[in-house]
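You will see two complexes here that share chain A, one where it goes with chain B and one where it goes with chain C.
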Partner chain A sequence: MSEEKLYSLRNPWFSISVGITVAIAVLSAVAGLIWFPLLQPNLKLSGIWDAICSAAGVPGLSTQAGAVPPAFKTSNVVMTPEMLTRQDQVSIGRGATLAQRCAICHGPQGVSDANSPNLAGQYAAVTYKELNDFKTGARVNVVMTPFAANMTDQEMRDVALYYAYLPRVPSSLVNPNLTPPAIVVTGAPMRNIPPCGSCHGEIDVKAGSPWLGGQSAVYIKAQLQAFASGARRNDISEQMRNVARQMTAEEIDQVARYYEAQP
Partner chain B sequence: MLINKRLILSHFWLAFIVFGAALVLGAWQMFVRSPLNAWHFNPEFYYRSVTAHGTVMGYVFPTLVAMGFGYAISEAALEQPLIGRRWAWAGLILVAVGSVVAMIPVSLGLASVLYTFYPPMIGNPFYYIGVVLVVVGSWIWVALMSINLAAWKRDNQDKPVPLAMFANVAGSYLWGWTAVGAALELIFQIIPTALGLTATIDAGLARVFFSWTLHAIVYFWLIPTYIAYYVIFPRAIGGRLYSDAMGRIAFILFVVVAMPIGVHHLFADPQVGAGLKFMHSVFTGLVALPTLLTVFTIVASAEIASRLRGGKGVFGWIGALPWKNPIMLATALSFVMLGFGGAGGLINMSYQLDSTIHNTQWVTGHFHLIFGGAIVIMYFAIAYDLWPHLTGRALDSLGMMRAQLWLWFIGMIVTTFPWHYVGILGMPRRMAFYDYANPAISPQAFSVTMSAAGGLILLTSGILFLIVLIRGQFAARGEAGAYRFAIPLHMPVRIPVALNSFGLWLALMIGLTVINYGYPIAQLMVLKGTSVPAVYVGAAR
Partner chain C sequence: MTSETDHSHGPHGLGEAVAARIERRWAALSIVIVGVLVCMAAFIGIHQATMPQGRVETADPTTLHLSGEFVESNLGSALEADGSVTVRAIGQQYSFTPQCLVVPADTPITIRATSADVVHGLLIEGTNINTMLVPGYVSDLPIRFKSPGEHVMPCQEFCGIGHQGMWGKVQVVDQTAFRNMAASKRRLTCVD
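The block that comes next holds the complex of A and B.
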């Protein structure tokens, strides 16, 4: 056995196995990278090299050109899970001063009695993003927009960290024993609605999803209707519009009352 | 000659204990998402459970079986004590520690990312680190198998390597190389993101790396089963192996063509070009070859055994087979499941047909039938065959063994046939909740209930299996004799170097990997802007 030379073209095991392998690889490459792509007129290939690039998956240059820009402003915030997760005492201090302007509507402790959204204990990244969107015009509200319009990026970060630092205050309607509506726990797969809890907490928290517990039912309902009608469209990749559009009026009522009663 | 019996037995016991636990989770999963369960709990538990079940059944259990069986083969086939005994124990400890490290965050709900990792979802780093430890432990085994073979070859220059060891080493090389894909994904992409060193991850590249592992890992699961077909089955039924060379060729083919085909798991992914998908499909077609060779050779071996026992006629010989023998029964049932599963596999491997069942429950039904059915039933057979030699006590509950194997077969059919069917109806996989009251889903309710019943049958069979093994540990002592493998019809005296060594085949394996994976990987690594923000699961509530 030992005298037989394996790596030699004269050894049929070597020549045949390598030959067959190379032949299959070459034939499948020729068929897959050249022949089949050229058979497809809709690819509009300009030649063999073009066919190879297309079939190998080289990204085309033309993809960007065809995109139609939206007729409205979209959010320019890039949301990451790390955004504004570090506490910063100096920043919080500055935020406390800035927040005095906001207290008439959002409450001195970040909790409002007037159906303006509560901000106390909200994730800093959320507050920052919403302010940014008000400022750029991606989210529009006649009452709120003017307050964000003149804020600098640093000011928005400071207020956001300040409100995140304030403790959440449960509403007077709190009732943690309320059974969650089905849409919160299971979503509605047939309508492509994931469980609210998979982004907004209880199941998982996904970056940029606001904390909803204790928010007034009136506000939640108004926002869901705004998402559904397209009046609010600052949510990145239509995450919320796709959900809200598919919800029934009854479900919107249920979730609004449910979240209002959560701590 | 089995010397390190405790080492081998420890591998098998750990394998079957984790298998039993994961089996309970499997049956529970099937039940909670069936109409039998009034939905009232957090769906996150479902994903926790599927992550644990998949990780144990996919990574830990088969790896331990392959390792334990591999050590047994090395000692019994080469007739030499295992070299590197301490290393082998270290490998086992790494696998055990890795499993625990991985399972703690999973049970706490910090890593419900499923066993395929699913980036950009990112869980607790310890989950991935645990999986890496399991793989590193198994790489020790890979190294030991090749060291033991090399030592034997040095002392037995003119003898052909016994088929059992040849196949075993082939499997270990295949695993060593295919695990590299997932290891690269974990070490260079996922773990840095999980540790917070980077906030974005190239999910497309990660999926390509994972596909590198994902196909050949199924052959790694399968190889102990095929080894049992070739070297246990013919001996156990009192026959001979029809062809030794055919066996070698089958295992060589697995080594060469199992690798360059993983992109068939990415048919629906945009980051790989259509031409490369086609090349992977062509090689995918070729992997049917070793299985066809095996079916032919093993059926021929069965016929030899039957005719030796006086079996007659064109089909009459089938009746004369020793059907009361558990190994006979297991192999036959395994073949039936392999046949059905293989037919399903033909659908998966074709680009067009695959699109109709992609990401549906068809896929889970399919791999449970092949892996949980055809493959695992032979793991049972291997355990039954080895146990008396490892414990020095006879396994005498033959009736119970047969009942257990039948229950596994029936349970698997009852579970997986409806499972395939609901997939065709469009039931998506990896979902915790199905609203069976919805008219579009209600036609699936009956089939899912049937699968849940099948799950209970499987659980019963699993429990029975453990009872047989435990009883075996306490049976009366009895010398089982030397552990031997099947003898071929024609004992090879001289065989071509090609069928007795791995260099050429490993070169082809690596060469084809480079051809079929080189470009997609290089392109995705070079392209800028292909990363997306990580989505951390189990974040602060």
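The block that comes next holds the complex of A and C.
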């Protein structure tokens, strides 16, 4: 055994191996952080510091100028899965009072046979989003637009929470023995259609997608046709238009009849 | 004793020499294999390079539809001043918007895409475009299509129970046809 110190610069093995390692590190840093980034013209780097920062992964906000503005009103609701999921008794109470003016079409218990949507037990975020879209003009309806026009944000939240609090009342058309159509349980993958149930509740819920059980078939059909034709476009980033556009008239009929008969 | 220590003779010595020779050959063979694999990786890496993205760009997934480059009216293909084309798209549960991308052949194209909810994948069949769309981040990929044709663009990252229904199309048209389309509209898609 040599008495010489192992970790000493006087030990040539030590100094050479450390030297080579440091040289590799410096060379790779120069190549990876400066040289290679600067070789990529599409990165449009403004200098060495920019090259180092971008290669090191310093995040920057996407700043692409010249976006084409929408030619029509789109929904401005920021939808998150947590939205309006907390029960608030005061809010529900205020909502109950406000909802009296909705009763003529949507029923005193949030259920009616008027082919207008049944709101009892609907996810609060859904009712809130639609009210907000009626108010901003992203969704247009001769009856609903004037009702929503004068509502404040808090009033819309209150009404939405109130209807979410009401128990779902099964309609007179419930038929639990109805076999679900293929489009509801498996979708049509060859046509870019996911199962309806993957967003609308039976299999999984996507934030902002309504519960469809017990809704009037006439209403569901009209909405699907409106999405398909582009007459209704308040679905954020075309999430529903993309699906409805690919559905056949027969599938729309099947879905409408199936959901009407669900609790 | 002598016969046991003398390596060149005796049964043990001969065996050891053979073993050493074989070991050298196997070592040489494995070095050659490693060398071939490294060369293959280097060749493929340079020839069909999918470079890691040079810049990290962020975009809030919940407000994509409110402002910025991923608003509905700005999605699709845009002809840039330098003749290149920028394609913007978003992935969401469970579709790509736009559902059909239209791009010119033999033109430098930049695909910019992000996710509005969970992690999705963007893969264009027949090309080396294959990336994740991570909520919060913008994926930016350069590509050039050699000839006109149609490619499918499935989501290749399990994104939820409707994942199998999520895919889009890429239609590659010739340059003149694309320019004619771009003359009347600023953002192009092939959604019917």
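Annotations
Assume the second predicted complex is superposed on the first by the 199 of 263 C-alpha atoms of A that agree within 3 Å, B and C clash if a C-alpha of one lies under 4 Å from a C-alpha of the other, contacts with A are read in each partner's own complex, and residues count from 1 in each chain.
One rule holds in what follows: a residue touches a chain if its C-beta (ideal position, glycine included) is under 8 Å from a C-beta of that chain, and two chains touch if they have at least 3 such contacts.
What you see is a predicted model; the values in this text were computed from it and never measured.
Once the two complexes are laid over each other on the shared chain, residue contacts for A:76 go to chain C alone; chain B is not touched.
Of the two partner chains placed by the overlay, only chain B lies in contact with A:17; chain C stays clear of it. In the superposition on chain A, A:29 makes contact with chain B only, not with chain C. Looking at the shared chain after the overlay, A:178 reaches neither chain B nor chain C.
Contacts of A:58 after superposition: both chain B and chain C are touched. By the touch criterion stated above, A:203 is placed in contact with chain B and with chain C alike.
Using the contact criterion defined above for the overlaid structures, shared-chain residue A:192 touches chain C, although it does not reach chain B. By the touch criterion defined above, A:239 lies against chain C but remains apart from chain B after alignment on the C-alpha atoms of chain A.
When the shared chain is aligned, no partner comes close enough to touch A:222: not chain B, not chain C. Judged by the document's definition of touching, chain A residues 37, 54-55, 57-59, 78-80, 187-189, 195, 198, 203-204, 206 lie at the interface with chain B and also at the interface with chain C. If you check the complex, the residues on chain A that touch chain C are 37, 40, 42-43, 54-55, 57-62, 64, 67-71, 74-76, 78-80, 187-189, 192-195, 197-199, 203-204, 206, 236-239, 242-243, 245.
Those residues of chain B whose C-beta lies close enough to touch chain A in the complex are 39, 42-44, 157-158, 160, 196, 199-200, 256, 271-279, 282-283, 286, 428, 431-435, 438, 440-441, 494-501, 503-504, 508, 511-512, 515, 519-520, 523, 527, 533-541.
Within the complex formed with chain A, the chain C residues making contact are 51, 54-59, 62-75, 78, 86, 90, 92-99, 110, 112, 114, 116-117, 137-138, 142, 160-168, 186-187, 191-192. On chain A, the positions that touch chain B within their shared complex are 1-2, 4-7, 11, 13-14, 17-18, 21, 24-25, 27-29, 31-33, 36-37, 52, 54-59, 78-82, 182, 185-190, 195, 198, 201-207.
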